[in-house]
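Got a structure for you, written out below as structure tokens; questions coming shortly.
Here the chain labels run A, B, C and D in written order, and each chain numbers its own residues starting at 1.
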């Protein structure tokens, strides 16, 4: 069953990646990238357990934190940047 | 079964990497390219984990996915996020790239299969390191032992490189200062969630720093994690508050202090008639001397990396007036 | 089949490397070039870590359960290389920010055009 | 025995939920509905999958850390969703009304 979960997560990652490529606007892409990050955390937990990766829990914990910081940074700097780029088509 | 699963994950992740880079080449929005580079680092770290490199995965996740993305985004804020539309597709460039790639693939044909235990790389020195770690240093993590003790010279050099990179960024951009009109908007939900989260990140940073002997972790990773706690504070509560918590002016001194701690540890052993960075001199018992030496050296590395990373972040996110 | 699976990592890594190289050569935007360099760098890291892998081996952290450990040496090299890589990237980004301030553009072609113009005075173009 | 069956059920449900979430993220028509699809399924699927793993590991230090991961994800996911939604609303992204689309199936900004 754990193999099925891994395969489901891999397919999920692929689908999320497609949304990250397609857009259509930047918020969709931020959403998809953040969602990709959380799915990677899940993949580390499930895959790490199934394949016996060493200290996978620490790394999953770290990923969850980094993903949060990264997404907040994207939103913060995007908001800051926007006033100068008024003539773009977001 | 397990082998197949490992291989499946490996191939899937490599395919994701190819797709991500392809999309990054196609896009003209540099914001999107940077975000894609962030998930590129994530997938790379996952791949390292799949290939048994726990410490490297840790570093890549903290440094590549966390810090590089934040850095590039803050640089984009200063430069503008759109590529020129006349983005050229160089035929000559494509030709050169295909040629180089073909040569490399031809060269790779002679490589031993992946995972072959009898490949030449595995026969020399690596088994000795593993054996010597058990005999002389007695900590479980061979990577930390090699990094801090056997190859302490290299790591010292790398710490100095990081310090000088921080100095170079400081010379180019200056320390900057916080601009009140750029402060983030007040978002109560974010404030409430982030406050305990920062504490969690800092505790986790300490755990990684001191757990490096036994599991994945060490000074490099811990420094970046610790800095990212303060970066998170600055992102959510505003630059000027972060600068009150950790003033920018003490960061260069901390970075220098970290390098000095490393160097002094080496000097102590030099003064007691051993070679530079031979930790056996630090204590009457060689093994506990090694433990002490690794602890000190990792602390120096952690301090240097933490202050350099935070310093670079301040330089990029602050407002600079050059005149 | 075994031969194919044993080399598939190397091939994909080389594809990645070449994509990074193409980004450096073909795009005229300096930040895009920097991302290309980073991609190239990351693919070199993957190549090294692939060398270090031993089938059935466990990570180089000594436990009682196993005797086969993956090669720790590439791990050490790449661990420090990642941190040094981000340090150099940040210096590159700082240079790019200064170039943007001086020339008002990040496009390589624009910068060459401006440089060819003899009347150009870098100091006067600096943005406050 | 029962625990292993429970763990399998959790893993299976979690896997199905992530898949549904991803399909929703890909197929739904506008940004807000996609946000909805992604965040709601994620907040349930993450605990399910991790609980499945915890049940299989038993109670060790690792499972305590896994519980911490659940707590982080359950708190962080809605926060990110909230912040993203707010940013999008400020960024003049408007939700797509039914009268405008009439099931044309076309994607709009």
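One rule holds in what follows: a contact is a pair of C-beta atoms (placed from the backbone, for glycine too) under 8 Å apart; a residue touches a chain by one contact, two chains touch by 3 or more.
Worth saying up front: this structure is predicted, and the values here are computed from it rather than measured.
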(request) Please indicate which chain is farthest from chain C, where distance is taken between mean Cα coordinates of the chains. (result) D
(message) Count the C-beta contact pairs for A-C and for A-D, then tell me which is higher.
(response) A-D
(message) Taking the mean of the C-alpha atoms as each chain's centre, how many Å separate chain C from chain D?
(response) 32
(request) Report the inter-chain centroid distance for chain A and chain C in whole angstrom, where each centroid is the mean of the CA atoms. (result) 21
(request) Determine the centre-to-centre distance between chain B and chain C, using the mean Cα coordinates as centres, and give it in whole Å. (result) 13
(request) Quick one: which residues in chain C touch 2 or more of the other chains? (result) 58-59, 61
(message) Could you pull out the residues of chain B that touch at least 2 other chains?
(response) 52, 54, 76, 80, 190, 197, 200, 215-216
(request) List, in ascending order, every residue of chain D touching at least 2 other chains. (result) 72, 76, 83
(message) Taking the top-of-page definition of touch, could you list the pairs of chains it picks out?
(response) A-B, A-C, A-D, B-C, B-D
(message) Which stretch or stretches of chain A touch chain B in the complex?
(response) 3, 6-7, 10, 13-14, 17, 20-21, 26, 29-30, 33, 36-37, 40, 43-44, 47-48, 50-51, 53-56, 58-59, 61-63, 65-70, 72-74, 76-81, 84-85, 88
(request) Can you check the complex and tell me which residues of chain B touch chain A? (result) 1-2, 5-6, 8-9, 12, 16, 19-20, 23, 29, 31-32, 35-36, 38-39, 42-43, 45-46, 49-50, 52, 54, 57-58, 61-62, 65-66, 69-70, 73-74, 76-77, 80-82, 182, 184-185, 190, 197, 200-201, 204, 208, 211, 215-217, 225, 228, 231-232, 235-236
(message) Considering only the defined contacts, which chain C positions touch chain B in the complex?
(response) 2-3, 5-23, 25-29, 31-32, 34-35, 38-39, 42, 45-46, 49-63, 68-76, 78-80, 82-84, 86-91, 93-98, 100-101, 106-107, 109-110, 126, 128
(message) Under the stated contact criterion, what part of chain A meets chain C in this complex?
(response) 53-55
(message) Going by the contact rule set out above, which residues of chain B touch chain D in the complex?
(response) 187, 189-190, 193, 197, 200
